[in-house]
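As written, the chains take the letters A, B, C, D, E and F, and residue 1 is the first residue of each chain.
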Amino acid sequence: MPIIHVYGWKGLSDEAKRKIIAGITKVFTDMGIPKEAVEVIIHEIPKESWGVGGELASEKLRDFRPP
Amino acid sequence: MPIIHVYGWKGLSDEAKRKIIAGITKVFTDMGIPKEAVEVIIHEIPKESWGVGGELASEKLRDFRPP
Amino acid sequence: MPIIHVYGWKGLSDEAKRKIIAGITKVFTDMGIPKEAVEVIIHEIPKESWGVGGELASEKLRDFRPP
Amino acid sequence: MPIIHVYGWKGLSDEAKRKIIAGITKVFTDMGIPKEAVEVIIHEIPKESWGVGGELASEKLRDFRPP
Amino acid sequence: MPIIHVYGWKGLSDEAKRKIIAGITKVFTDMGIPKEAVEVIIHEIPKESWGVGGELASEKLRDFRPP
Amino acid sequence: MPIIHVYGWKGLSDEAKRKIIAGITKVFTDMGIPKEAVEVIIHEIPKESWGVGGELASEKLRDFRPP
């Protein structure tokens, strides 16, 4: 407790994952939660499986690259 | 808002994904939600990771193919 | 199969839920999936538990009402 | 994109929710993601619906209070 | 690790929750996972928010009661 | 109903998946739920996408192997 599921686009570097996990964990430790209690799961979703405004993100947001 | 997570079996064509995303988005725009507000995430699950009635779908429903 | 989790704001009428469930189910039956195989779960989230752009939706989008 | 689901124990104050939402959003804006693209959903779970080590958190961790 | 999200209908007794949490945890400890590593979250969904075969479970499966 | 989402580390054998699916299903059939109603979805997450205590599980728990 807490458990955090992050859904973003496929292609995150390990460095980006490290920042996401460390950053989100710190939000909770700053509130007094022990860091061992925080679990963060990153789900990388292919852009062709993500719809925004009724269209595939792979077609609508062709040029966006995950960090 | 809203956010929709769809869990189905692996192997969907891009055409099938387009239909799922457009169709689900339309359900909400028909109710007056702006289409840009609708996000649909499709999670493709291997049949050997999906259990129905206590058995792997890959063994129990061997002949089913996703659209 | 498939399983669909819908996350929206609290306060949907039963009529709105009926439309969401019937509409999403039809997306899949139109693709040849038997209707009994489709499960839709609606999660109603209080606006003060939903963040958009770093703020609570209850403060940022005060006037929006769910259908 | 991204979408973040947070699961914690019931009883968070609005102030705690504000910190969670602002803090998690900042993790992503620090990586160059526009803040409007970040959606955070907080799910408050009753302690008697959360199991740790095979026991209800309401019994095992009786004295813990959410921030 | 592992984290298990259970979605069922609202109205489970604490005794039923205890059985679900103890039973699922045992599945993993039987495989050699330490019990402290297993977290189980039960989400109780109102029957009028759950669709089966395109209809609300509250209308279609009126007589079913959760254990 | 019920639907169970299991999140664990990537690399489960088919035999381990069979045990997870059969075991979790049995928890519910023991409570009187018909087995056909139980769906279990296993999500295998790469260890470098899973954070524990603010660090990647791939770095912190390097030697752990899934069953």
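One rule holds for everything that comes next: a contact is a pair of C-beta atoms (placed from the backbone, for glycine too) under 8 Å apart; a residue touches a chain by one contact, two chains touch by 3 or more.
Bear in mind the structure is a predicted one, so any value in this text is a computation, not a measurement.
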item	value
Those chains which touch chain E and also touch chain C	D, F
Interface sides of chain D and chain E: same vs different residues, half threshold	different
Centroid comparison with chain D (C-alpha atoms), farthest chain	B
Between the pairs B-D and B-C, the one where more C-beta pairs touch	B-C
Duplicate of the C-E contact set - from A-E, D-E or C-F, the pair where over half of the pairs recur	D-E
Angle, in degrees to the nearest 5, of the Cα rotation that carries chain D onto chain F	180
Chain A and chain F: spacing of chain centres that average the CA atoms, whole Å	20
Length of the line joining the C-alpha centres of chain E and chain F, rounded to whole Å	14
Junction residues of chain C - those touching two or more other chains	1, 3, 7, 20, 24, 26, 39, 41, 43, 50, 52
Each pair of chains that touches, named by its two labels	A-B, A-D, A-E, A-F, B-C, B-D, B-F, C-D, C-E, C-F, D-E, E-F
Residues on chain F engaged by chain B in the complex (per definition of touch)	14, 17-18, 20-22, 24-26, 29, 35-36, 38-44
Contacting residues of chain A [partner chain B, same complex]	7, 43, 45, 48-56
Contacting residues of chain B [partner chain C, same complex]	1-9, 16, 19-20, 23-24, 26-28, 30-33, 50, 52, 57, 67
Interface residues, chain E side, partner chain A - complex	1, 3, 39, 41
